[in-house]
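For clarity, chains are labelled A, B, C and D in written order, and residue numbers in each chain start from 1.
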Amino acid sequence: MKLDIETHLTFTLDQPTDVLLQIEAAHIPEQEILSCSLDHSAGEHFARVPANDMIGERTWMRAKGEVSIDYRASVEPCRDLSPVPSLDPLPTHLLPGEVVPYLFDSRYCQADRFQAFVDAEFGDSQGGQRVEAIREWLTRKFAYVPGASGPHTTALDSFVERRGVCRDYAHVTIAMARASMIPARYVSLYGPDVDPQDFHAVAEVFLASDDGEGGEWQPVDATGMVEAAEMVKIGVGRDAADVSFLTSFGQLNLRDKTVSVTRG
Amino acid sequence: MKLDIETHLTFTLDQPTDVLLQIEAAHIPEQEILSCSLDHSAGEHFARVPANDMIGERTWMRAKGEVSIDYRASVEPCRDLSPVPSLDPLPTHLLPGEVVPYLFDSRYCQADRFQAFVDAEFGDSQGGQRVEAIREWLTRKFAYVPGASGPHTTALDSFVERRGVCRDYAHVTIAMARASMIPARYVSLYGPDVDPQDFHAVAEVFLASDDGEGGEWQPVDATGMVEAAEMVKIGVGRDAADVSFLTSFGQLNLRDKTVSVTRG
Amino acid sequence: MKLDIETHLTFTLDQPTDVLLQIEAAHIPEQEILSCSLDHSAGEHFARVPANDMIGERTWMRAKGEVSIDYRASVEPCRDLSPVPSLDPLPTHLLPGEVVPYLFDSRYCQADRFQAFVDAEFGDSQGGQRVEAIREWLTRKFAYVPGASGPHTTALDSFVERRGVCRDYAHVTIAMARASMIPARYVSLYGPDVDPQDFHAVAEVFLASDDGEGGEWQPVDATGMVEAAEMVKIGVGRDAADVSFLTSFGQLNLRDKTVSVTRG
Amino acid sequence: MKLDIETHLTFTLDQPTDVLLQIEAAHIPEQEILSCSLDHSAGEHFARVPANDMIGERTWMRAKGEVSIDYRASVEPCRDLSPVPSLDPLPTHLLPGEVVPYLFDSRYCQADRFQAFVDAEFGDSQGGQRVEAIREWLTRKFAYVPGASGPHTTALDSFVERRGVCRDYAHVTIAMARASMIPARYVSLYGPDVDPQDFHAVAEVFLASDDGEGGEWQPVDATGMVEAAEMVKIGVGRDAADVSFLTSFGQLNLRDKTVSVTRG
């Protein structure tokens, strides 16, 4: 399965401004980058730096005036997939150090607040079955409503309002997983069939490997839009605060954003 | 300057429970561990894992019943100190990848909300002078009031209520620094003269090195309790959610906690 | 059914301080005050003022030093009771002016946030049946846990944490009723069988009278502790912010509070 | 001074829907209604009900399809004006019963959170001078930025973000006045020079009358847009949650809203 990705951004900067981009498919073993190119209009400065957990890269740029970014890539996901409901939890005391922070609260995922809820609703399941119960609950209770949430909407807000976009589904999944002592992180990615076409986001949970050797991250898309086999990951973080596609350290006017992901 | 540290914890666990400890002085170049010991009562499982940014370690333990922890260490801080107000900002586009996440919002530090405030109050300063202005503002406006805040108090709560403990001073410093495009993190540490004696916390900000080569983390204690030269660091994180001294994944009753830090 | 009430408060005031008390059974047609007395130690000033909706009174006092309050009353509730589930909604456009404010959001009852939830969970019921569905949901999902909430806990907090005391049950009932376009208010009251003995609180909803003439307030106790026939009302308001038993405009140390309600 | 007011609203309702309007100048002694007319397209039901504190009226309507509302009035304000900074506080224990609720927290005005701030910033003033200090602080620190806030923005949000519209200026004034033990309410009104022309809102505070007989409500417009002598009041409430110009109990699409206030 090959996926062809085209992303185009245009924005203007009145002053020389630092901008951080994170839009490229990550070079990681689970997905093969067959080809890729990132073209952009001239600027003062460009630098790539590794992103969170060494998954993917961010690009710093300093520029002024109109900036155009064109990213094209062909990527073949090749990840081993385990059916999440069949996976055991990894006892917390066996979690590796780099996974531990994903047990804790973050800006938009106030996991501590969901303790009583997950105990009451999902108390008879654990590990992959717990995650599956959370996903199923979201599918049943939530409505996908573009525009119903904003950049400051938290998992708690979404939980009571029962609607949102991919970002919000991911946040609630993450908060409930962490409240269940299952490490969970936020993944920014490209996927086909995202409607309307845009950057997408899902949760990942850390569960015992099915070969019994340690643990592995498993993607969970409670929106049901993208299959794990067709995800092209960009980057990971605690929640959406960590993996914006575009962060500006000064006034930026976004003129155009188009994302296209097609099966090749 | 040698500092002698003694920490004692006693707690009980009704069920076999996973517990995460982070109470030991970190083995990092800026502080020499002259001696250290961590004694604890028997348990099922112990494992050390690296903590955030590879600074210090966390200890996983699984145990049941009464648990006693005794930690003793003699540590000699030997960090190079730069006067913070004299340091330049490091332009964001020159920030290394591992520092970038410290620009973003975290659970208790909603930096985005403080943008207008820092522009209005501190708009004529930048870099180390901005940090100094923030520290000075906190010293002037805040009251150190044990018990006035709790584990869910955010930087925004503290900002309006103008009081708190070391945790809250650090959170407000961090939120305002990030809102000023200065990376900032939370440091858990031991220090003499903390009154009442307890674990302490300060902010660290990332500013240009005074030799002009990249940047360095600089501690800022807006409570004024501990000098940078006498800090013994335990660990770092985005905010207090990342560096608890004790996290339990199940019911835990804390029976006793004593911390003693004396100049040797 | 006669109820004997004894309330005792002792507090100290370091400075001359204004204090507002609301602890007396209201003189309203639905409950007959057979006898009552309010004794208090000397003070500078006392004044009674009507409370919200002209239900009950508040007592202003200005005093210094130790203050003791003894309230005793025998009260016979004699309200007409309608089974809530059988009552129709009163169309909002027929609501009298003084009831309209109880449709709106208040400090602890963010009704607007519960719109999607009540539509999804209770969408097939209205009026008294909707209220009954809300009450039943709370009974099933919530745990009565003294100490789990505090004076700043909102209906939204309680909703996600699924536990609280009478105040929190009332707030969630009110928020969900208002989100269902049913006016709802907070009632402070005395009742037998409250465990532990204390002031109690319930929600009241405004539904069509069963004689078809306008509407009436109906009490709903989602904690299940007190029957409507045995409630002795003190006062009403938008939520707990409106009907504290004791509000001090300066430092007050509460030394003792005892409430006793027994069937006579 | 005569003010001519013209308000036009057009909206559509897909279903028969209850709508609550509050757009008419209140018939109160402090302003003389020289002429007024409220024209609207046909509907199923219309009823006027008294609004909060018996100031002004609300209109219930039930309608479907396109609805047009035209309101015209000529009003001559004739209120006695006292210079706010010269007024004494009325001791809380002398406050009349109907004013007491305006001491308490409401949906958007979390007065309890501002206690430490007002003590620290305005601690050396009281009564009218305190109110003047609050107004002056807002004038100095806040920026009037249409679009920077929304219907859920609270006084606490505005306080940290230091910007907003008339609604937000009023909320912060109210919260700080209540934290200063001065009753404060929200007033919806018409005024000339509001830019852009729209409904306006200010705070009112309850201070001792300058004749020494009880207290009176005094308007305070921290935006500086409208003089007290030119305000035409529509209604009052705890905060903006209480006095919307238009509340719909079902889906409503606002097509047009124009407000014109001119000196006659």
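As a convention for this text, a contact is a pair of C-beta atoms (placed from the backbone, for glycine too) under 8 Å apart; a residue touches a chain by one contact, two chains touch by 3 or more.
The structure displayed is predicted, hence computed values, not measured ones.
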(request) Spell out the chains that contact chain A while also contacting chain B. (result) none
(request) Can you check how far apart chain C and chain D are, centre to centre, with Cα atoms defining each centre and the answer in Å? (result) 28
(request) Just give me the whole-number Å value for how far the CA centre of chain A lies from that of chain D. (result) 44
(request) Indicate the residues of chain D shared as contacts by at least two other chains. (result) none
(message) Following the definition at the start, I'd like every touching pair of chains, please.
(response) A-B, A-C, B-D, C-D
(message) Considering only the defined contacts, which chain D positions touch chain B in the complex?
(response) 113-117, 120, 141, 143, 156-157, 159-163
(request) Could you please specify the touching residues of chain D with respect to chain C in the complex? (result) 18, 20, 45, 47, 49-52, 57-58, 60-62, 91-98, 100-101, 103-107, 110, 112, 152, 181, 237-238, 241-242, 247, 249
